[in-house]
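Each of the next two complexes has subunit A plus one other chain: subunit B in the first, subunit C in the second.
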Partner chain A sequence: MSEPAVHRTVIIDESFRVHHLLDRESVLGPVMLSPLLIYLVALIGLPLVFVFIYAFSDATTGSDSFGFVGLQTFQTTLEDPVFRIALRNTVVFTVLAQLVVIVLATVLGFVLSADFRGKWFVRFLILLPWTTPVALSALAWLWMLDSLFSPFNWILGNLHVVDQGTPVAWLGQDSLAVGSVVALQAWRTLPLAAVILMAGLTSIPPELNEQAEVDGAGFWRRFFDITMPLLAPIMMVAILFGIVATFTDMAAVYILTRGGPGNATQVLGSWSFYTGIQGGSLAQGAAIGIFMFPVLLGVCILMLRRASQTEVV
Partner chain B sequence: MAEVEVREIRKSFGGGNPAVDGISLTCKNGEYLVLLGPSGCGKTTLLRMIAGLEAPTGGDVLIGGKSVRALPPRARKIAMVFQSYALYPHKKVVQNISFPLEAQGMSAQERMEKVKWAAGLLGIDHLLQRKPRQLSGGERQRVALARALVREPQVFLLDEPLSNLDAKLRASARLELKQFQQRVGVSTIYVTHDQVEAMGLGDRIAVLNQGRLQQVGTPEEIYHHPANTFVATFVGSPPMNLLERDGKLIGFRPENIRLEKNAGSRDDATVFRGHVLRVENLGSDRYVYLRVKDAHGDTNVIAKFAIAEPLEFSNDEDADLVIRNRNINFFDRDSGQKAAA
Partner chain C sequence: MVARRPGVVVSRWVVLLVFALVCAFPFGWATFTMFKADADLYTVGHVPFFYNSPPTFDHVRVLFTDTAFLTFVRNSLEIGVIVVAITLALSVPAAYAIARLTGQWGGRLAMMVFIFYLVPPTLLFLPLSRIVADLGLQDTIWALVLVYPTLTAPFSTWLLVGFFRSIPRDIEEQAMIDGYSRASAVVRTVLPLAVPGLFTVVIFTFAFTMNDFIYAVAFISSSDNMTVSAGVPVELIRGDVFFWQSLMAAAVLVAIPVALAYNFFLDRFVKGLALGGVKG
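On to the complex of A and B.
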């Protein structure tokens, strides 16, 4: 039993030196993790805690008085008709945008994983929306959808689809504004989904499709019977990211429509911002924001569980 | 069941040497033809062209006497078993086996009968409700074979189906494969780089190297009368010994060597003077490594003896190698092709 003791002494002696200290995983691990932990706690954890505290209070931006009011803020929020519109819109926009994304991302996933001349350029174009900050790209869309300067109107006008004298007010009509917001949300979440699906497609062994081809299956049978089921788990992950990004977003609506016309495109994110920051009712803004939490939590649990249950190659 | 023929078939993937460089070959009705060669010799590409997964650059593929060059894989009435078995991981065994029938549009009841028949033939009835990941390597192979069989194809194409099995399982899987083919009697083209598999399974063996056909023949022909030095050294373990004398290469198998002390010249045998470098005991066999002086200089020769045979030589002793003339193959020194004595 004396030998282990000797070993231990050696280790302790060595560990006094700093660069040997960093060789130990129990020291190096926390050191490497600390920046991330600080970031998570300071910028995500603390604000989240504050949101919960504010939601049960009567805090405003105008005064530093602070009183707990229990569930009263939630009650006010639920009775607010704009909140109901915003909740409905958030769900509708998310579902519509992700439906568009599923279809287009699958197509783009195939394009990204295919081998052809000039594919680097196509890949570059597909990924471009992803690299642009939402605020910037939303501004670009704002210009494209402007009733006077819109290139869409110019094209449609020259094709004589619409009358050039009365341009389409893309952001001024309820249904068109909804369509515009959905289009922007789909456009900006599409690249990530396409890249995830590309990774999924690449991970399916090519023999499976060849085997199916030899087994007598045509393109559509191979697609729906082999490729899609094998792609499903990773598609779940892609949609999950898309849902979270769309459900929580406020920048797109804020820049494009300011929630208008009327409140036709108001979503939880923008309404929370208008109420809590611009309207000054911190408590109510926090309460609106909190409504995203259980929905997203439920969606996350559901989809991750579903994804892990599915057969992966 | 049908005859498969490739005519002057060629495939290049752009740049460099073609993967398959003008091969003509026939697999007769019900025959077990093995394509044997080192990796990169073009054997898998050839198989994939027969399957229709790869379009030939030139030449033609005929199945049952008709050109199938323009047909997609599914119209060729072939079945293929991949090296990885390519079982559909999200489908149960029963769904895997019935997939080719579904693609044919067969009714559910007929499908079930066929699946039961194929599963019975391969002894996997009890596995039908499992998923592929719950199966062992050998069971996966049987499922893949059942899926290939169920459609009653004209031709089986097998791409190294044993290479994913561990060595212990491989011998019994080989037996099963052979018995299975004899039972169903379908023309089979089998790709492998393992010469033991090729010798054991093939009615005939086609040896390929660098995209070209080196020799086609029965295992006996390939082993005892190789067409060139490539076949001579690729088939057999340890390979055929090659010594240079009188401007020719003299080839003889390690087991055809007899060692003697002071052997004189013989009429019916060829004698080389050698020196024993090392004797290796491998349990059932003994390998004797010798150095022999030939026109080339010093050349190493391996001799193989059954352990039961007494060996009177040990390391660092002179020994004469005696090889009966009928066991000798002659090759041209420059081309490596078979030559007259």
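On to the complex of A and C.
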């Protein structure tokens, strides 16, 4: 026992000399935090400010100089019919996809929270839409919905639901293309929501349900009076992730429909990309993107409120 | 209790099978497609659910020999490894500081970092493309190395705060009483206990970098520097000519290993989400 004691003394001496300053928590904390904060301010904070500066200017990708034009860029943006479609689509796609996800993820979370044989493999299959890079899964959907070789068309044709000579153009008709994009967004955000809800369900103490069952509460009674209220906070987290993923996405639309047919499935993210990068108008692209801001701000506020509530508890 | 009733068990399996089918179908269909011969695939009258002519490896081979797929894979791996290193270097100290050293400010700082995560690439790609151009990084993998930690570091920090908080304070306090400085106490006691959390962060950071599409498309223009996620759909589709079997092979060959990695680390990831999410 005497040897480690000697060893310790040496370390204390050394730490007094070398780590004296860093041992003070008021110094060490900021030192450890600053690299991350500096990076985030430089590559998220400042660029965000630039988005707003661009939106009030006439900046293009070609030249370095730009002048301020006030609200003119916003005026042009608001008058652009494609922008209006994109704005409406962004909201509609997000709301529809996340409504589907709320319902299906609750069911899926329920069945996944039980233990059963083969769970590992079933979970692997169910995770695929979330884990695969969205560009690649959109590509798989593009093939699955191909107008000539879609398996759905073959089935529908052979069931004589549709005429075999005129296959359904899943991505070529406005309403079907909208439906396809919503389905893709719901499909790819479902697994994460289900997994989060599954975690929420397993954290509910089983005694609560058992006691309620003893007291004579049926499945639905227990579901609505015990499970749902306890699940609500974590359900909100799941949905917020889904909203952010759907609302700000451009890859799904870019690959599945290229915003088409016409511009029927254009969303803010894709239209900002087409205008800002391919059209070369930084100002217009930024102004389009800024319309995502109110929703993102709302999500932030909900998150903050949730955090402050849980801190009290 | 309830689950032992046979009706419940059967209906659970039916529900699970339906979900598994819906979730996996596009990939199953892609796997089935990638082995089809051209003459079989592109004949309208053929029943699409059979191999009308024998399955062939030709298109998978073409993907590896005649396309830039392997270059994309190599770029994605290189970028992923470097970004993982940067992310850990930024987020491990920050998360530890938030969890232990900032007192009542901790919760607010964690939230602030998380709010950075909510600022989407679809909003940032325009100014970032200018910054990347000004630094002379456009069309290099370093452009992506520079910006990808914006996707990964806030989320990783958030996860790690939860993991660090779940480790009892006594452990490093005991080490500090024993005479270690805080830094060496952390390295000797906390980091070994946080290894599962660190592994989770590594896997998800890697997956996040693979998932990006918009930055890769906006900053990279040549095949040599493309990632898998942008290269496969953008570079392997020439005009309107789709090499469907090779494209599907690329999608499946990326999707399966990533999903396996996620599946291994899912429980820890969910635990981290709950820890980070509940405590803010």
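To be clear about the criterion, the second predicted complex is superposed on the first by the 257 of 313 C-alpha atoms of A that agree within 3 Å, B and C clash if a C-alpha of one lies under 4 Å from a C-alpha of the other, contacts with A are read in each partner's own complex, and residues count from 1 in each chain.
Convention: a contact is a pair of C-beta atoms (placed from the backbone, for glycine too) under 8 Å apart; a residue touches a chain by one contact, two chains touch by 3 or more.
Everything numeric in this text was worked out from a predicted model, so none of it was measured.
*Asks:* Just to be sure I read the superposition right, which of the two partners does A:V161 touch: subunit B = first, subunit C = second, or both, or neither?
*Replies:* A:V161 sits against neither subunit B nor subunit C.
*Asks:* According to the stated criteria, A:P133 is in contact with first (subunit B), second (subunit C), both, or neither; which is it?
*Replies:* After superposing on A, A:P133 lies in contact with subunit C but is clear of subunit B.
*Asks:* If we overlay the two complexes on their shared chain A, which of subunit B and subunit C does A:P151 touch? Say first, second, both or neither.
*Replies:* second
*Asks:* Let me test your reading of the model: by the given contact rule, A:L230 touches which partner, first (subunit B), second (subunit C), both or neither?
*Replies:* It touches subunit B, and subunit C stays clear.
*Asks:* Taking the superposition as given, does A:L71 touch the first partner, subunit B, the second, subunit C, both, or neither?
*Replies:* Once the two structures are laid over each other on A, A:L71 reaches no partner at all.
*Asks:* First (subunit B), second (subunit C), both or neither: which does A:E213 touch?
*Replies:* Both partners.
*Asks:* Looking at the overlay, what does A:G285 touch: subunit B (first), subunit C (second), both, or neither?
*Replies:* So A:G285 only meets subunit C here.
*Asks:* Is the number of subunit A residues in contact higher for subunit B or for subunit C?
*Replies:* C
*Asks:* Which partner chains sit in contact with A:R221 here, subunit B, subunit C, both or neither? Use first/second/both/neither.
*Replies:* Once the two structures are laid over each other on A, A:R221 reaches subunit B alone.
*Asks:* Pick out the shared contact residues on subunit A: the ones touching subunit B in one complex and subunit C in the other.
*Replies:* Overlap of subunit B and subunit C footprints on subunit A: residues 210, 213, 310-311.
*Asks:* Taking the touch rule as given, give the residues of subunit A at its contact with subunit B in the complex, in rising order.
*Replies:* Within the complex, subunit A touches subunit B at residues 205, 207-208, 210-218, 221, 225-226, 229-230, 310-313.
*Asks:* Given the complex with subunit A, which residues does subunit B contribute to the contact?
*Replies:* Result: residues 51-53, 72-74, 78-80, 82-84, 86, 88-90, 99-100, 103-104, 131, 133, 147, 151 of subunit B touch subunit A.
*Asks:* State the interface residues of subunit A toward subunit C in the complex, per the touch definition above.
*Replies:* Touching subunit C from subunit A are residues 8-9, 11-12, 15, 18-19, 22-23, 25, 28-30, 32-33, 35-37, 39-40, 43-48, 50-51, 54, 61, 104, 107-108, 111-112, 114, 116, 120, 122-141, 143-144, 146, 148-149, 151, 154, 187, 190-191, 195-196, 198-200, 203, 210, 213, 219, 234, 237, 244, 247-251, 254-255, 268-269, 272-273, 276-277, 282, 285-286, 289-290, 292-293, 296, 299-300, 303-304, 306-308, 310-311.
*Asks:* Using the touch rule from the top, collect the residues of subunit C that touch subunit A in their complex.
*Replies:* Residue list for subunit C touching subunit A: 1-3, 12-13, 15-16, 19-20, 22-27, 29-30, 33, 41-42, 44, 47-49, 89-91, 93-94, 96-98, 101-102, 107, 109-111, 113-116, 118-131, 146-147, 149-150, 153-154, 157, 178-184, 207, 210-214, 217-218, 228-230, 232-233, 242, 244, 247-248, 250-251, 254-255, 258-263, 266, 270-271, 273-274, 277-280.
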